[in-house]
């Protein structure tokens, strides 16, 4: 991938960006970075102090996977200063500028429409989400290992949901030697679950059989581990909830019942920042090039007409 | 599942129906069968000689997975007589009658519209296709074993396509110990292929690397193994083509190049009729009950209005 | 298993004994325990304060997997007092008394000979060591997960040695999705490694190729990761050394080279005490019964003669 | 491996020798072959008509894996003439000549002692037997696939014995998706079976539970599937017996009970001759070199003394 001469602004981030930025530099991009101290990895990038400076001349803007909080502060673990994304900043970007972010809050989506930016939310892009399911699943297994007094091998491990993370988790749990049960809704998923050698059950059957579970991994972003279900669980069960906040567990009830339940969002950046950074480095440059190319084309077309 | 009192006609078929029919009988259905001789499995069903007789009073009609040929002859491996499905027969069925078949030819689809039948093609229903991918994949592996002088273990095995059959095949090949390469088009599939531990390549890269392949399993219903690609293959490669007829291989060119290429459609009924019959027995009763229920509802509604 | 009426002394231990003791009680043994506070799990056992008291009338003595330190202090994580095993105590035991321990120091072995005790070291019994390899391997993987910034999936993971722990580790690493290399000495092991789908290399080839390793798990109780080999490793490699103390790594040199190397002995009791306790509960009662039976027989024989 | 100048006699064989011989030639050996017609693979070897001619000047003699029948006829599938190995021929070989054979009959062993030959039986050498277990296991699976109307996936598959072939078979069956039960005698094997995720049972428990088995693979060379056990089996079970002749099944009783039982010895050469030939090509040259070297040493020593 060749980014020669393309001006990229990287706004905030964490260890993943320490992998991504050198890749961008290596591909020839001119990179301005805000939210990081001097570090050997960042040699070749230009470190600046403010979002304003970072955005000067930017043809593409890269923000972190977790994006911003609801006040617009960009996640930036290495920055002592807040990096607040404001409409004022955004509207200075030329139309069609590519803005890459993991997940965008609604205000950012609105601004993108208003100022005709090419906003790309990558966390939900299918191939990125699948690649990220690997560190997520491993992180979940690590958390389980740290919190149960038994081995995963030989345990009754349940996976709720057979989406991108559920598929990866089930395969890894079985690979370690767990008796793996997967809850899923649709018959096609249950057929695949059978093919892959897991025990498949529907959510309807879940509460009947969940008492045998030693570990439950939830990936469903809906209240599936509610009071009724928790009452059926063994008090020694450990729940690892991977669904995006607020998770799919009634944590209050879990607490009352003495059930250990751990909400674990955003695992890739925490447990395997280097792998997660490589995923970004594999995906972001393509999106930048494509974005710049499209902008150019539109520009040419509009000039021609 | 309770089919008590429902009249079902089973028209033709093979060993799979020898599993399905006793299940229907056990669930309480009155079953009329044409195209089979007396056999212990069929005790409890009424064997008749003609399609006309079989269809008398039928609330649901079951035809085989392979359906009919293009002249309307229903596949019936145990029948010496032809069972020709004609418009005359079809139009006698009351509207909304459920007709279950694997794959329907276009004339049958037209008649179904014309006479308002509830035609259900099950071969392409997702969960059935996934369940059937298991005997398909095993049958393909058996064919490969019978035709290569090497073990699957340690072989360079390629799977073209990562759909329902491709996923099952890749998993089984790896389970036996093959070095498994999967060709797929979209990035999400390639991400999943990586997660599952296979080597993933795009169809663009295929011809560059295919010369190392010992065995190629094709699941793509398009001419992917064309002359250009075959010219890159080792003359000792063995091709097992699972795509529905005419397959995805240029068989003429394979022949010219001395490459063994085997077209292997319809494996489930051939290699594991009992498993394939159990899949039908697991799925067809539901469809019958649902069909009869819907017909009843419409009837009630139309009477009410 | 029926232990009715057998007097058992449990001397020290950790969470594993909290699983074992209730099992012994449930099987009918009269159990005297030293080195534990009052706990609900221990209801039914008699808690005493000193080794002397614990040993009164004991027909079988159970000591922990790690045994004693070289001064004779029995490992007892729940005891504030030291539990020192002395010759004075040992010689009071009647000849042929069964003494079960994980690993015995040389002084204990000598006393056992001197006083004709039936000393059984279980840590090296083949089936126990294999069962214990499961928590060991999982613990090693957990340590790796906690110490590398990448996922196990997709990593170059090396296992040195293909014994009881090596076999389990390699299978689990592959199950997670690592590219798994196993170093072994003998051709039969290398043949099995090939059959199981790992890359096998001899120790001779090791240093040539080890630079690609991301994680190295050592199970060989000999200095295999010496200065020469470490010099070939990537500075980012992480070593998890499972070999019994002092391990198989030159830790000083690892430190000089900035290589993270972790000595991790005794994992089963730490990472999965409940699983490890169940292994004891599965094995120890048999040994007690067998020991008591043999003693009885000898006694009968000697009386008869 | 360098065999330059070494004279090797290859006596009979099958497709495996068609792989082995070119390798020996490529390594520089002078090879005389008896029992094969002209074939392109054999270019570079000297084809002769009699054992006498083949043995002229031979420093190493290679006979096939199945060796001879009990009358001394060497297995030679491509030869119309019998190749009878006689004492007369053997005694002409200089002392210490290396004679490599799969399995030697007792008369050959006696002659080897009498004439001080370096007789090497390779079929039972551990690493060769493990490598050969791969084509054996695949061949057994192929036979099962051809003889059962169900898929291996989802079947109750039993493996009797957890030796070299049993281990490979169990892993492959599980890889295909079978519910895999392994019968073994010793606790260490049962512990490993548990670790690998199979259901382990002892031979004592076997007859209680065997009625659920769909397919039984026997690897134990003793009458384990005797009348008593067969009476407990389902009449629909299929037995694939891999134990060396006469197998471990009471075939008469199986027949009386209508149970399909297939004795399948010598699979590697049949189902995957190329793989089996490569195993020979990987192993035999080493043995030749080592044998020639040892003979030379002894010679030198005896000359010196």
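Read from first to last, the chains carry the letters A, B, C and D; within each, the first residue is number 1.
Just so it is clear, a residue touches a chain if its C-beta (ideal position, glycine included) is under 8 Å from a C-beta of that chain, and two chains touch if they have at least 3 such contacts.
Values in this document were obtained by computation on a predicted structure and should not be read as measured data.
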Mutual neighbours - chains that touch chain A and chain C alike:
B, D
Could you see whether B-D or C-D has the larger number of C-beta contact pairs?
B-D
Taking the mean of the C-alpha atoms as each chain's centre, how many Å separate chain A from chain D?
53
Distance between the CA centroids of chain C and chain D (whole Å) is 39
What parts of chain C, by residue number, touch at least two of the other chains?
134, 153-154, 177, 194-196
Any idea which chain B residues touch chain C in the complex?
153-154, 177, 194-197
Under the definition above, what is the set of chain D residues touching chain C in their complex?
126-128, 130-131, 133-134, 167-168, 171, 186-188, 190-192, 194-196
Along chain A, where are the residues that touch chain C in the complex?
15, 134-135, 138, 141-142, 145-146, 148-154, 172, 174-177, 271-275
